[in-house]
Amino acid sequence: MSESIADTDVADEASAETTNGRFDEVRTLTQNGLWSNNPALVQLLGLCPLLAVSGTVTNALGLGIATMLVLIGSNVTVSLVRNFVPSEIRIPVFVMVIATFVTLIELFMNAFTYGLFMALGIFIPLIVTNCAIIGRAEAYASKNNWQLSAIDGFMMGLGFTLVLVLLGAMREIIGQGTLFDGAELLLGDWATVLRIELFAVDYPLLLAVLPPGAFIGMGFIIAGKNWIDHKREQRNQTDSVKKVERARVTSA
Amino acid sequence: MSMVAGIIALAVLALAFGLLLGFAAVRFRVEKDPIVEQIDSLLPQTQCGQCGYPGCRPYAEAIANGDDINKCPPGGQSTIEQLADLMGREAKPLDDAHGVEDVKKVAYIREDECIGCTKCIQACPVDAILGATKQMHTVIADECTGCDLCVEPCPVDCIDMIELQQGPERWKWDLEQIPVTQLATEVKS
Amino acid sequence: MMTQMRRNGLILAAFALVSTILVMTTQWLTEDRIAEQQRSELMTTLNSLIPPALHDNDLYADCTLVTADELGLSEPQPVYRSRREGQPTALALRTTAPDGYSGNIHLLVALNDNGTLLGVRALSHRETPGLGDKIEVRRSDWIHSFQGQQVRGADDPRWDVQRNGGMFDAFAGATITPRAVVNAVQRTLLYATEHQQQLFNASANCSQSGDMQ
Amino acid sequence: MSSLVHQFSHEDLLRNRDDIAAGKLWQFPGGIHPPQRKELANKTAIRRLPPPSRLLIPFKQHIGQPGTVLVQEGDHVLKGQPLTAPGPNSGLPVHAPTSGRIKRIGEHPSAHPSALPVATIELLSDGEDEWAEKHPIADYTALSSSELIALIAEAGIAGLGGAAFPTAQKLAADGQLDYLIINGVECEPYIVSDDRLMREHAAGIVRGIRILQHISGVKNVLIAIEDNKPEAIRAMQDACSGTENLAVRIVPTRYPSGGERQLIQLLTGREVPANGLPKDVGLLMQNVGTAYAVYRAIILGEPLLERVITLTGEALQQPGTVWAMLGTPVDTLLKQAGYVPYPNARVIMGGPMMGFTLPTLDVPIVKGSNCILAPAKRELPASTTEMACIRCGACADVCPASLLPQQLYWLARDHDHDGLREHHLADCIECGACAYVCPSEIPLVHYYRQAKADMREQYIEKQKAEIAKERFEARKARLEREKQERLERHERAAEARKRALAEREAKAAETASASGSDTTGEPNKPANDRVAAAIARAKAKKAEQQKAAQATENPEGQADAKPEAQTESSNSAEALKASPDEAPENDPGNDKKARIAAAVARAKAKKAAQQGSD
Amino acid sequence: MSFYIASSPHTRQRRTTARLMQLVIVALIPGILAQWYFFGWGVILQLLLAVTTAYATESLCLHARERSSLSALRDNTALVTAMLLAVSIPPLAPWWVIVIGVAFSIIVVKHLYGGVGQNLFNPAMAGYVVLLISFPLQMSSWVAPVELTGQHLSLFESIHLMLFQYTSEGYSVEQMRMVASGTGLDAVAMATPLDHIRTDLSQGLTLSESLQAPLFSGLAGLGWQWVNLAYLLGGLFLLQQRVIQWHIPAALLASLALLAALGTLLAPDQLPGMDIHLFSGGTMLAAFFIATDPVSAATSNRGRLVYAALIGLIIYLIRSFGGYPDAIAFAVLLANMCVPIIDKYTRPTTYGHPRRKLQ
């Protein structure tokens, strides 16, 4: 799992620089979830649904929200029970919690957003195997209180959803020249007005619509993030001159 | 009816697996993580303390506990890469807050100026300086790790860090660095 | 060791118990709604094929399962009957074109009591996006070209794509998909007109709430 | 022979021996056909030059330890007189190639691609070329192998094919041998030293071979010559005719068939195991030049003083071969061959495939040198820009060791030492065939050399780190122990003090000084005080100097230091006098103390000056 | 005076990448001429477009990567990529098809992977696959060989068609194809032989029935057989010039021929025979020009044999049982993916090391 990747330097930095106020913790969680430790872009978790259902914004949004709900639910539950669960059975317990939430979400989607449920197909039950969820349960929720865990779940879920939607938008625009095609499946009939036809295509660029397009698009999004990080780092490099005190091995 | 059956089945399964896990947890407990040893063996053992820890082993322990791997200037980039390999982390450039990678050096005591204060002897982490009180000290070049910890304590500043002399045998084929101007006028046509 | 084992087992069992109860309850709560959703989904398609004027019965409920080679699969397929004032008016059959470009194409074929096609819809398929998927109503009008057609027999030359001298357009770049659909519809139509009486008289036995997949 | 057992079953081995005896030739993988260009230098006989006026003789001209020098600057030496005694581990001596005076013993640029300075004896020839006493052996068969080996070692003979491995050491290895292979292949383009030697001294070579046969006890000898040297083949065949067990094998011209391992594969179909030696597969190989040198050392009693050098390349007006004394500077030789220099020229020691460019011409000919190649500007295409590898695999096709050069190249660029080991970088013979064919003009061999050097360096560093770790831990243990001891001692001392206090207060001071006589432990207290005082004074002065240096400009800072150092020296001298502690041997007079104080002051002054200049 | 210092060897064969690529281009000429003769001006137009796009994107990428563009441009690798892609696509495909394809090849497959020598996949074939799955319609409308149409579309009509997708008289490629399928003779667009067989077989026709079509005459389909022979000629030139080794073409053709023979033996009416497989579609182009791309092929000779045999196998499987009529591009890309593992297991035994025994 992703323990080693999770909570990287940004978390350290933030907590080192400031007092451990709750506000700072929330800020750190936000930053981690949306950017510096984004489950899709940095941890590269949950790629299977990410790549499979990001054909349109609607599908992406649907799966993203489902994942987010599961994440919040599982994080809160895991955080609440963390003190009662011995470490050797924590993974089965986490999995059970997650599976329960996924099943609940699946049932609700089946009942209330049937069209979307049909469109997303197998990928809703597959949320169970989305490593991002158990990763957060293990790396964060099992060590923090439920409020913070809920925020963490929300932010991670949001980060995941945003990437999913971005990828969905890219593929939808390039592939068929529209946005929010089929939004009514998710949001009800009024949402047909959301559909934007950017340009009419005689021949959809099938590459974007098909799974290879998802891989290529994902590659570009990750590259873009790395590029931005690189630029920011370059900008910051000049003003971070610190000198670390050298430890003396011997008495002098 | 099916509901009850489902609930019972799951509960029984969970119970069984819980027992199994409890058993496994006791039976297959892993004693100690030897990762510190492996890290330590990658560090250059200069014991220079530039990483901020008193010696290589403490730094190895710190790395095992999640400290950055880019704090060892004597090891340089190659050590960072090996550590990155071992730890499954990403290799970063050397953190120059801890110093910069340098050529290999050894300490050299200008013996005329040595007053025999033994301060450097106490500072040397590997006992590579010979001498006694009020006697001239000298560095055993082969044992010196080049940590330069002896330089600062010297009250008379008689210790130099000089570049390690290299012979043709240890030459690293850096063709660009050959001093070509030397003796170039010898050929007369 | 025993205490630890017992503790772990019990905790895990407790979690399992709570989880299962939760899931079961939710399922019980949403059951009806899900059934309703599935039904309304199928009804939408059926209604778009069979005009409301043609029937006053519950199409969804008036359904029988038949097994016939002509319908492409060896499993029983549902047939929905439309009646007005008790009189048979139209039929909607689920059928399958087994020779699509990449696998089965599931269709819903509706015809009225004199053997004229009311319409055809593709329910699910795996045809090449951009080429074969023009059989979907949301991608192309092509599927509407069946409306109002009749079949004169198994060797009716009009029932083929234009390229082979038939009356159906073969959309650009693909011939296999439309040909498969045309053939399947033709077979179904022949079967349905032949067994019309039998189909209308069969008892409604689609006990499972509509299997769309 | 154990490796032979691995390579062949018993029957196969017998068949293999029959095949070899029947003159079968095998193939080695890869290889290239670069333009030969041998005709430049092989037309004329080997010239003998007058002794050069100045000779540069490095201590170490072979693989192994250098010897210890036997002569002093200014000594007069005779031709053939040993200048060094063999070092440990089968080191070889070097001899005076001619008579003359030792001008200097010191560092001089080496005949090495780096031209890094090495210990060298500079000899000025007196022009007499006067021999020291020679000890020719009339009947070598009367001597035992070990005696002859000792004589060969004394004569300083190292493999003259290029590697310069001590011949005696090679001969001394025991084991059952099938064949002695005499390497006259000389596959590198341009080089004709062995070619000319075989043409002119075939008889001597054969006599040398006989001696080698006698020493190693090998019955059968194969003399391998490439088919592009018909005269040499004829000469050798003539010299061998009528003798038993000597067979000349003509091998096809292909580079690098003269490599030891490749030639073994070519002639016998056997493979020398990695990290092994030819003797592991029952073979011994010597260069023709070595055989000739052995003949001269034993029969004529002449140590290895000269060798055949090919002087070739279109930048020379008279290319050809010469007998060059070891130690002859390259520029002397080139001048005699009519070298026409041009800017940014290339002078290559060795052949175009494996030789190295010389950064300076003031380097000597050594035992392993066989050619000086001075190409004209456009003669050999210089390497152009290195382009990206296109993985064409041409390098792998020509690699005689069946390595994957491009894989090694990627790994070398990545500094992936594990990968390099796994891909057997150590088995690369640096023949350069891969770089020769590379369409992207990647200097592959250079990458391998650097990687090898890196790996060697890392290995040494690793060893050093191990030692450092041990020492560090030993030190920690010692400090711990000492701390314990000190604690105990303090306790004891405190008790003693208590007792003494109870008895007599006056004796307390003596107890204290007694406890201070430990050397390794806490430094002597009064001495400490003294030094501390001196330092405190020095610091105070430095502060003043600093101020002064900052006020004025830096040069004054240094000048100021002098008088003050003097005043300080008197101070510290007093301080020293005032402390009647131990270490009387350290007290030869005020002089020394003054020096110490001066040193402190100097250091301070320097620091101040530096700070001032910052 | 200072001396020039360099590492050995001090001499080189002087057979640069650029020179090798020039030879490849020369070897392509017979095939291109044959294609031009049988399929008309479109081939030349596609080539021109491809080469222009290649140079434009290549210099763009080099500029963006801050490399000196001149020397890298001169290595001709982009040129070869562009030409291979251009001769692979239907001659009358709209202009933007080849532009997108070449741009994708150069930008994504070549430069995003690190430029020359770093690409895992054959750029031309990756570009081809992108086009094939993105524009199946445009990519499946081939031109009828001149033997069937009698004469070519004029240069003007070809340009018009490529630019606007209609001839000056307002026919689209598809429309001409429709007409062609009706009458068989008077239009320019039709399926390739492999496509034709595939369609017929899926309609339940037997192979021999399918081969009755006017498209088939002689070895393996009008036009195509000659194009393949021309590429074979170019390939033999490359072999003779030692630009490529025999291993890849031989293994590829042998494995394909063997499988085809086997197929004929087992199901003579369902599976096309050796002649069709070897001399139709892009077989010869693949065997001598595409699979031999050194960057994405296996590196040792033994590895090359395995690699090429694998390509032959995949080509055969996809042609016979897969979703596409021809399969060169997919086969090459799939084999490209296997290259690291092939390389790993076909490493030659280093001199002096014990021969590895097969487990």
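Going in written order, the chains are labelled A, B, C, D and E, and every chain counts its residues from 1.
Here, a contact is a pair of C-beta atoms (placed from the backbone, for glycine too) under 8 Å apart; a residue touches a chain by one contact, two chains touch by 3 or more.
Fair warning: this is a prediction, and the values are worked out from it, not measured in the lab.
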Quiz item: Common contacts of subunit C and subunit E?
Solution: A, B
Exercise. Could you tell me between which two chains the number of C-beta pairs in contact is largest?
Key: D-E
Practice problem: Please report how many Å separate the Cα centroid of subunit D from that of subunit E, as a whole number. | Solution: 55
Practice problem: Could you please state the distance in Å, as a whole number, between where the Cα atoms of subunit B are centred and where those of subunit C are centred? | Solution: 70
Self-check item: Rounded Å distance between subunit A and subunit D, as computed from the means of their C-alpha atoms
Solution: 60
Quiz item: Between subunit B and subunit E, what is the separation of their C-alpha centroids in Å?
Solution: 53
Quiz item: So which bits of subunit C are touching at least two other chains?
Solution: 4, 7-8, 11-12, 15-16, 19, 130
Practice problem: Scan subunit A for residues touching two or more other chains and write them down. | Solution: 86, 88-89, 92, 96, 203, 206, 210, 249
Quiz item: Touching two or more other chains, which residues of subunit B qualify?
Solution: 14, 17-18, 21-22, 25, 47, 55, 125, 173, 175, 178, 180, 184, 187
Quiz item: Using the touch rule from the top of the page, what pairs of chains touch, sorted by label?
Solution: A-B, A-C, A-E, B-C, B-D, B-E, C-E, D-E
Quiz item: Which of the residues in subunit B come into contact with subunit D in the complex?
Solution: 40, 43-47, 55-56, 78, 81, 112-118, 125-128, 132-135, 143, 145, 155-158, 166-168, 170-175, 178-180, 182-184, 186-187, 189
Quiz prompt | subunit B to subunit A touching residues, read off their complex | solution = 14, 17-18, 21-22, 24-25, 47-55, 71, 88-89, 95, 97-99, 119, 122-125, 147, 149, 152-153
Self-check item: Contacting residues of subunit A [partner subunit E, same complex]
Solution: 203, 205-208, 210, 212, 216, 219
Exercise. Going by the contact rule at the top, pick out the subunit B residues touching subunit C in the complex.
Key: 3, 6-7, 10-19, 21-23, 25-26
Quiz prompt | Residues of subunit E defined as touching subunit D within the complex | solution = 1-17, 19-20, 71-72, 75, 77, 115-118, 245, 294-297, 299-301, 304, 343, 347-354
